[in-house]
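Consider the two complexes below, in which chain A is the common component and chain B and chain C are the respective partners.
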Partner chain A sequence: MKTPNAFAQFRILLANGIKSELSDLERLISPLLFALTILILFAFAVGEVEPDMRIKLFVAEVFLTTFLALQISFSRVFEPARTDKVFDLLRTYPVSYNAWFLAKYVLVVMLGLSVALPTIFIGAIMNGKALANVSIWGIIPVTVLAVAGLSALGVLLAAITMKAQSRQILYPLLYFPMTAPVLLSAIQVSVTYLEKGIFNSDSKAWFLLLASFDVIYVTLGVLLFSELVDDSQ
Partner chain B sequence: MLDAKDKKSLYIGILLAILVLVQWSVGMFLAPVDAMQGQVYRIIFLHVPAAFTAFFSAFMLFIYSILALKSKKDSYQQMCKATAEVGLIFTAITLLTGSIWGRPTWGVWWTWDARLTTTLLLAILYAGYLLLYSSLEPGPGRTKACAILGILISADVPVIYQSVNWWRTLHQPQSMLRKGGATMDPLILWTVVAGILILILFSIWLIVQRKTNIALQDELETKSFQQIK
Partner chain C sequence: MLKIRELTFGFRSRRLFEKISVELRPGELVHIAGPNGAGKSTFMSIIAGILAPQKGTIEFFPGAEAGTPVDDRRKYLEYLPAEANGMYTKMSAVENLKFWSNLRGRDVSGRVIFEALEVWGLNHPVIRDQLAIDKFSTGMKRRLALARLQLSGVPCWLLDEPIYGLDTKGLEAFHNILKSHLNAKGMCLVVSHDLKPLEGLPTQTLDLATGRISK
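Up next is the complex of A and B:
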């Protein structure tokens, strides 16, 4: 039997991932419920605040929800592979490791966005007064870039720590500090944009930092994932 | 009994320790008093070299992680572990001295300043590296996982270094490596520069010593396993 090329492998692996994610209704609506819970918790915890503070809180809500949702996604994409030994089995097949990484990565990005985007729109409705003078669409590319960077790092770290004994402690210990450049730049760009209504030179510099870390993490992910799973070396 | 190689290494260590003490003494007793901060500024003679040494350790970790990933040799992996341990020590010294300096200057032991926070993140990453190392079974899998983590950690260092320029917070901007030259008195500047060089050399010596210990430890473990079998 002929082995499919790397792109076909990527498509098959991604399709399988999506299929397992969409296998029940619970998985479909859980991101929405998760986003709502965080937004309501924030509203209760903070109460009435000044409008400019409300913008900062809205950005915090969006990225905190996305960040936490991604944690669930990372454990989801590797948990079956770990428990059912699929990971060890799959690496005995002539699978392209790049296709494997990218399939996991794209799946996590999709899961992350499925939480981030509803959070932005629900949050915008809930914080309507403070965000009345600005188009919310501007922070969507920033969110996409943030999710892209956080996901690449997360997938790689999840693979690194998969066989570690103290995985539950180790994962957040390593993941949280490394996300700092991505999270901080995404928050800075979003806050500046929502306060001023435009992307000024300051936010462009932050945007560049965000994009740079995306490139760094995705490149390192593609290069290093194959090193990690390749048993022949 | 010490053999010739051990003796040489011991003498180098003693010499470097004396140099560290001399540099501190110059900083403590000969360098002029700072016009703004008074005597409290003198902690920079330990704080700044420790911070640079912590960054240097991250750079060493990056280089040895690449070598470990390429060649899969145990000696490179042992160097990585030794570097992470020494890096963690110097990052802790940086945080501790920064905190001691911060109390009289800012009025608090700790504040969520950009430089402080990013340096704390570096300490957490070094600790995480060591935790990962100890929680994986010895073998090529551990070498690869730790080497990849070492490379990822080094990506964080430019952010820590630039944090005071990117976020205008409490920590003062860079006063040594900046456009238009350093803003310090020449004696202070050269004492700090000498301190950085000496402490980096001292850290290299520590890394080599620790690497030798780790290699011996690994050898003993292997032999004891063989005896049990």
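Up next is the complex of A and C:
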């Protein structure tokens, strides 16, 4: 019996994941609406502040909003597979677990960016005065790296808690402390960049730390996913 | 050939079945029998690769006799779970069948999918392309799962209550595809409380409680 190689399986699983997300638009729209609501609430509650403080607030609200909005996406990572025993059936197919993890991971990164990038742009418009002298394009790669790290953790922890009875409690308990290094380094790089207008040596160190955590979490995901999903051994 | 040797499983102190051995050769059908709670579905889940046995081995050999077992038996088995159909409920019938077939490495054309759907009375443009699976009736969902089974092209079928929700025509179609599968040297393990669709087929019965096989 000829089965597709891992790359072909990755493409099939990713394409199906995208189709599945698009077939239920509520899943895409609700994190975005949530992000917009938070941004508006922030702007309304804080009102006028000094430009320096405005930069810090911008970074805080962008990453806080993205982080919380991503929670909605992550908690639903395996939702389409949870119904009708699709998850179980996938495990009975000759599927490469690396292909499965990476397809889920790329899908979640795409979903994460679809929330994070609009949040940055809308946040930048709302904080226009303070950000007038600096290009916000510099924080795009930082955001991409932050989403990449958070997504790897999100998929991994969603798989851990997929079969756990206490998933509602277990997920935040594991996820929040593990995301701290990613979030802190992303915020540090962004604030330094927006204040100085360039990436200095300090921000480069934080940037490297952020990238390192991405590599660690993606590697962990690839290595652990099969152990978490496969009960047949 | 599927060879199951001394399979044992239980939950905590409750032993479900013990030292079950059975061999399934091309063209053979084995009906797994036992009262409610005997572990029939668990037995099927273990063979399918969802659960690990506590003891025993499961091997699949490419031919009719034991030799070198295959490295991954999942390539040769198609599993139909009880009370579920393994379908993405927000997607259409054609999208689901294409996905599962592609994952098996079968690049099925639209015509092949339509033919399989025709067998199960689901080959209407609205039903196959536009309706999400969660709008299907129980019987229609089961028919679609059986269409996937038919398209899988694998030699060994594991069917757990396959006729749940099927009407008379569906039962007839099920009997016919099972017969064709066995005639084409396919194998099948079935759990079913209704034995009517198996009538006329070369069926052996495995009693899970005693481990005995009868014809």
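One rule holds for everything that comes next: the second predicted complex is superposed on the first by the 221 of 233 C-alpha atoms of A that agree within 3 Å, B and C clash if a C-alpha of one lies under 4 Å from a C-alpha of the other, contacts with A are read in each partner's own complex, and residues count from 1 in each chain.
In this section, a contact is a pair of C-beta atoms (placed from the backbone, for glycine too) under 8 Å apart; a residue touches a chain by one contact, two chains touch by 3 or more.
Nothing here was measured: the structure is a model prediction, and the numbers come from that model.
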Report task. Examine A:T219 and indicate which partner it touches, taking first as chain B and second as chain C; both and neither are also allowed. Result -> neither
Report task. Classify the contacts of A:I169 with the two partner chains as first (chain B alone), second (chain C alone), both, or neither. Result -> first
Requested in this report: Applying the touch criterion given at the start, work out whether A:D24 contacts chain B, chain C, both or neither, answering first, second, both or neither.
Outcome: second
Query raised in the report: What is the contact status of A:S135 with respect to chain B (first) and chain C (second): first, second, both, or neither?
Result: neither
Report task. Would you sort A:N200 into first (chain B), second (chain C), both or neither based on which partner it touches? Result -> neither
Report task. Once the structures are superposed on A, label A:T37 by its partner contacts, choosing first (chain B), second (chain C), both or neither. Result -> neither
Query raised in the report: Who does A:M178 touch here: chain B (first), chain C (second), both, or neither?
Result: first
Report task. For A:Q9, select first, second, both or neither according to whether it touches chain B, chain C, the two together, or no partner. Result -> second
Report summary line: So the chain A residues that chain B and chain C both touch are 233
**Report entry** chain C residues within the chain A interface of the complex
**Finding:** 45-46, 48-52, 72, 74-79, 81, 84-91, 95, 99-100, 102-105, 132-133, 153-154
Report summary line: Note: in the complex, chain B contacts chain A through residues 69, 72, 117-118, 121-122, 124-125, 127-128, 131-132, 135-137, 140-141, 144-145, 147-149, 151-153, 155-156, 159, 166
Report task. Enumerate the contact residues on chain A facing chain B in the complex. Result -> 153, 156-157, 160-161, 163-167, 169-170, 173-174, 176-178, 180-181, 209, 213, 216-217, 220, 224, 227-228, 233
Query - Complex contact set, residues of chain A against chain C - result: 1-4, 8-9, 12-13, 16, 19-20, 23-24, 80, 83-86, 88-89, 91-95, 231-233
